[in-house]
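Naming follows writing order (A, B, C and D), and every chain is counted from residue 1.
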Amino acid sequence: MQELAVEMRDICKAWPGVIANDHVNLAVRKGEIHALMGENGAGKSTLMNILYGLIRPDSGEILVNNEAVHIGSPRDAIRRRIGMVHQHFMLIPPLTVAENIVLGHEPGGLAAGYNVRRARDVVKKLSEQYGLPIDPDARIEKLSVGLQQRVEILKALYRSADILIMDEPTGVLTPQETHELFGVLRGLVEQGKTIIFITHKLREVLELSDRITVLRRGRNVGELITRETNQAEIARLMVGREVLLRVEKQPATPGPDVLTVENLHARSDRGLEALRGVSFTLKAGEILGVAGVEGNGQSELVEVLTGTRKATAGRITMSTGDKENKRDRDITSLNAQQVRKVGVAHVPEDRRGSGLVLADSIEENMMLGREGWPRFSRSGWVLRWRSIAAWARRLMQEFDVRAPNTKTPVRALSGGNQQKVIIAREFSSDPRVLIASQPTRGVDIGAIEFIHRRIIEQRDAGKAVLVVSAELDEIRALSDRIAVMYEGRIVDIVSPDVSDEELGILMTGCRLEEAS
Amino acid sequence: GGGNTSSSNNTNTGASKVSVALVTDKGGLNDQSFNHLAFQGYTKAMNEFGFTKQVIESKNESDYIKNLTTAAQGADLVFAVGFLMQQAVYEVATQFPDKKFAIIDGCAVPAGKSECATLPNVAPLYFSEQEAGCLVGAIAAQMELDGKSKIPELRGKNTIGVVAGESIPPVNRYIAGYKYCAKQVNEKINVLVTYTQDFQATAKCKDAALSMINQHQADIIFQDAGGCGVGALDAAEQEGVFSIGVDADQSQVNKSVITSAVKRVDTSVYATVKDFVNGKFSNNPPLFDLAHDGVGYAPVSDKVPADAKAKADELAKKIKDGSLKVPSEIPA
Amino acid sequence: MDVLLRVLTSGDLWQATLQFGALLLLPALGGVISERSGVVNIAMEGMMLTGAYAAVMMTLATQNVLIGVISAMIAGGLMALIHAVASINFKANQIVSGIAINIGALGLTNYLLIVQTAGQGVPGLPASLRLPSVGGLPLVLQQNVIFYIAILVLIGMHFLLFRTNIGLRIRAVGENPEAADTAGIHVRAIRYSCVIAGGMLSGLAGSFLSLGIAGVFNANMTAGAGFIALAAMIFGKYTPVGTAIACLIFGLGQALSVRLQDTGMSPNLLNMLPYILTIVALVGLVGRTTPPAASGVPYEPGSE
Amino acid sequence: MAVPTAPSRTKGSSGPDESPSALLLILQKLRNSLGRPLIAVVLAIVLGGIMIIVTSKGTLDERFTAALTAYDALFFGAFGTLQNFSSTLDNMIPLILCGLSVSIAFRAGLFNIGAEGQLAMGAMTAGILGLTCSSWPGWLLIPVMILGGVLAGAIWGGLVGFLKAWRGAHEVVTTIMLNWIAFFFTDFLISGPFKAPQLSNQTQSMPVQVRLPRLAVFYNQTLGTFLPPIERPEQYFVDVSFLIAILVLVFYWFITARTTFGYQTKVVGQNPRAAEYAGISVKRNMVLAMALAGGFAGLAGALALMGRFPYQLIASVFRSDSTGFDAIGVSLLGHSTSIGVFLASLLFGALRSGGQIMQLRAGVPGDLSYIIQALILFSVATEFLPILARKFTRRNPFQRKLAVAGPAARPVTKEPPQAAEEKSARSKEE
């Protein structure tokens, strides 16, 4: 029998109306990478937050290194050498990397002045020790997500964590960053650390972990040994039914050009040139996937296309959709409302930040951006609540949004269901162009399957679809053509049959013929 | 209360039957000015005639008519404090002809008019603030004439000042008398006037006074700004010069006070209650002036030379015998 | 023009500017530290007023001015404690709580003033029971001792917030309490200390007003100063130094409005000066101000 | 400084255990929205009573009686007679209008401390119109004055929105400053160019034809010709502008709950980035919402001038008037909804009129009503009830929750909700 680093026994935690953990048991061996899996809301984060002292369980017992412990706050956890990288980074954007890392355990102690030099030295030493290079003086808000992730890991290591909890660390990472992260984690395990790893991505689990615990609706439904299992089995355990891991789709039958983008330029929020001459055309009845390492202008491209960012140069034209009148319409300088009116639907990448008003009800969110449309208001002015509610009810059914009723605040929905609200709203507006940014980020496999099917349905209904995603798997599964972006330009547009390596090369900005 | 009114403290006379109410203006009981003084007179009468306390502090202008009405419903004599209640008093007094009213610093004015209306049940209690202002102005001016050599604390620039609150009639009457008589006594005297537009912000009045003292070498500051003006007294003390209090004898408030322009609101309230109790309520009470001892100046401190006090007394005599008329408008 | 020039070059104007500035600076700094820890405080007015009241009453009762000042700070601190309990433990809407403190403080001081003095008001304080001024310096610097304390507080707070580990933690808590919590910081302890410290500074300002400047307590003697301090804090972008500059601008306007009456301009119009000056400076120089990210957001650790 | 966002329409309805019955829903809503404030009021009154007991004199028995007498008087003063009740209603008028002013700004995510200044500008403008056009007939001058007041308030408020949209100037600073500017500016006009001869610090009274009649008088002239008339109608102080305030409440409800504009301002207030995504102009809505806020307050000013004795402008009135601040309490207490604002105004109005009677009859300083007001605000703000309730049920929450989320509730929580990620976003919203 191997020694256990962490044992959680009979953990129960109820939230108002929901039981997040229902007599959960978890055993993690020393020196292993233990994956924790489950659908959205299965209770993974809750369980780990209990272990880290952020949440107090209603009942249950925790043993660390075979010793019963009471963990009442993160301070206790840190004392037990437990570190956690949260699903959402616990960083303070205006502070520097060094400040974030030493925060709470500053060299010199509480009463002392903050010593920039010592903090910097600490960080330098740590990053050398673990091979995680970072600039200690950079402000967090200026760092990419990947680097922020690195800061989080360093933070845990600085507190000399032996047990490292990682809650969905790969959710926002690019393939390259994920790959790097795995390298780092393996290195840590070699140094004797124990890692608990939460993810929704089956491939990652199989690649990285030693053992797997699966939660479903707050219960532990099984423990698997990675070597002895496969994707389908994990998925079945998680969801409780068979899951299609790959959505079936027919080859596309592209129609006429709908959207034409010529030599588009735009600046980022920080005033840098984010788009440097993007050109492509999008046809009816096809899905164009936009791949690329995040931060290469994809976000800005979508914003310009949907009217929330001004183009500094270039032209976007859209066909009128009118068979007789073939004149195209210039939509470059329309605002977001007008762009919607000409038939562009938009699933934004940041669902909580901009796609939804969390405090508002489902029905109110179902008309966001289209409140002036006849379905929702009389002459664009007086709201028609009856019709709005009926519409919302219909969409909830059609798109399988699970909530008590249309008046439920979206805040009370799970991430997957929140995403479905947006998908429902945008897909049901009968657009001619559909732009979806990171449509399945952070949602579980059940919901991914659903959303993917809907996107393909839209294509088959003759819509022109643009999908931007950091997930290569997703891009590949959906796209009929793949545009790869690098530094504000489209490097190439390729067919989805190209290999991972080839895509990887494109994403570093080289063209295939140059590389070969 | 029970039907058996054998209340313990009200057993002295049949006079316990009177009921008197006091309605303050928005300044409230703590205004360090006429509301406060009226309440003192009211309290004195209450102790003497044994009626129950009925006081309402108004919080804003729209309360006046409501509070007067409420008071009139429960009391036989109602005091309205402050000229801002003039119209409200007219309105309520006409509605309650069998109740008596007295208004301090004002008279009953029908809405939309600006002249007083004479009502049988309203006693306007007016004060000749200008006469009080005159006397303290005379003292100040004479001290300036006496000069630095006699009174070393003076700055020798023949300059005195007034720190005033808002430009309202009672305030301006004080200033008018102060300035007028100061000039009578001391032709070349320089009288500075600053309005702080506030009766509460003590710091503002202090600053205004400090500015007069330090910038213009004013050395006797007359405060005319209620609670705010206390700051002016304090400024004088801080700078080692003199100050003059207002309304009541403020020598206890601050050491720098050499005398105060006194307006006996308390006496007038008390006297009105007394008349009322004795069945002698009049809708035409005497003007509370110097002759009727309604205004005056408080005992002077030992910093005031005899000739200054004499000057004040001399003017007082002239005012009383009618040979000196003090204007109620501020002279240029 | 002559008058303006004369006024601007007089030491007296700048002395008054500094004094008004310091009076606003203390509560504004109190607001800064509270806000930096993530608790909105719009109750400086009420805390100041309570402080002013406690200062006078305790000084009179004990005949000791130091006890008066300490009582003022305790009174301000107690008001802040109420605010802290409401906003930190009970997750109250911090603006409502602040409004409640302001209304309550005005009501309470007036109520107690009438009850305690039987409507007679408090007597003025003799010089021995006053906060002394510092003499023997150039006119501009002849200020009350509290002025110098305010300067020390200003420097101290700047240093505390930006140069110490405690300050790092305070800022962290104000920006992202959850992150601070997971980093092992005691969020509530920090917030409580900051809010209470802020209240004590407001209370101190109250004693400055009543024991230092006025020598007496008047009903509503703060007359809106706490709100100007609030404005100064936002104007100063929640930094001690910025706030101090804002206080000075306002103080200058205030001092000018009294002194320019020599020009014969309407006192009413002149009194608008400090406010206009502040708006012009805000619109022209400062522009957007962003509060600490978690300011006003009650922190609820997963455990509650 | 964060501004509390307007509540969504969904407030009362939460939890899967909700019955679909409309009546039950309404009852539950009522309980949710009224129960808590009601208990808060009771608690505040108890605390206020303790305050009286502590500060009054005599034996404990006498002190206790003093407290009871005080409350008796307070209640009597607010509701005890029709006349007192009419004073309460009268007090409500500016509270409702300014409460709405604060509320509409809240919905757009702005904190309007400037209702008082906007009110002053509204009153001043209406006054100037009334004085300069005094020969016009009432049917023309009344609407002109009201419109003028609304417009002036709207400009004064819109300026705040404009400065924020244009330069990002924080509205808390600008509203505080504009308040004082308005106070001194109106004082200047009142005691200067528009001063009534022989009066000081006041203008002439408004011409007779624009004075709004008391509600009771109005009733007698209209319905009272059929129904029994009210005797001595002039002693009931509330005037017809109460009806206007009610109309404005309905207008506010309509705007916020029934129009795209109301919806858009709410989105702007709750999530400006979502507004941007949706193509809703944040700046435009900010200016509009502030202009509307100013308009409400300006209306309050015009109506106070035209409906209240002595129908004239008086210098330094606005500065010492606490309506603008009370309105913030009203708005937050009322959760920025029209019904809420109405009820909160009723409460504050009652405390105001009751407080003065309390002082008169029980000798307790009227300031106690301010203390009670503060206590009510506190106990509503702290929402201590749910927390206490949770503490109370903490003993065995697991069993209890099971019951709630039991088998019957399973379908709706089929995709069980989850949280950690949302927490920061969520708490920001609240």
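Just so we're on the same page, a contact is a pair of C-beta atoms (placed from the backbone, for glycine too) under 8 Å apart; a residue touches a chain by one contact, two chains touch by 3 or more.
A quick map from chain label to UniProt name: A = Simple sugar transport system ATP-binding protein; C, D = Simple sugar transport system permease protein.
These numbers come from a predicted model, not from an experiment.
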Of A-C and C-D, the pair joined by more C-beta contact pairs is C-D
Going by C-alpha centroids, which chain is farthest from chain A? Tell me that one. B
Between chain A and chain D, what distance separates the C-alpha centroids? Give it in angstrom. 43
Distance from the mean Cα position of chain B to that of chain A, given in whole angstrom: 75
Rounded Å distance, chain C centre to chain D centre (Cα mean): 28
Residues in chain D with touches to at least two other chains are numbered 184, 187, 191, 322, 365, 367, 420, 423-424, 430
Touching two or more other chains in chain A are residues 49, 86
Among chain B residues, those touching two or more other chains are 29, 167, 197
Please list each pair of chains that are touching. A-C, A-D, B-C, B-D, C-D
In the complex, chain A touches chain C at residues 49, 52, 54-56, 72-75, 78, 84, 86, 89-95, 99, 103-106, 108-114, 155, 159
Can you tell me which positions in chain C touch chain B when the two form their complex? 7, 10-13, 15-16, 19-20, 23, 110, 113-114, 118-121, 123-124, 126-127, 133, 139, 209, 213-216, 218-225, 254-255, 258-259, 261, 267-268, 271
Touching residues of chain D toward chain B in the complex: what are they? 77, 83-84, 87, 90-91, 184, 187, 191, 196-202, 204-205, 208, 234-235, 237, 304, 308-312, 314-317, 320-323, 352-353, 356-357, 359-361, 363, 365-367
Within their complex, chain A touches chain D through residues 12, 14-20, 39-43, 45-46, 49, 58-59, 86-88, 167, 217-218, 306-308, 335-340, 346, 348, 350, 352-361, 364, 367-369, 371-372, 376-377, 380-383, 385, 402-405, 407-409, 411-417, 442, 446-447
Contact footprint of chain A on chain D as seen in their complex: 5, 7-10, 13-18, 257-264, 266-267, 270-271, 273-274, 276-280, 397-398, 400-402, 404-405, 409, 412-426, 429-430
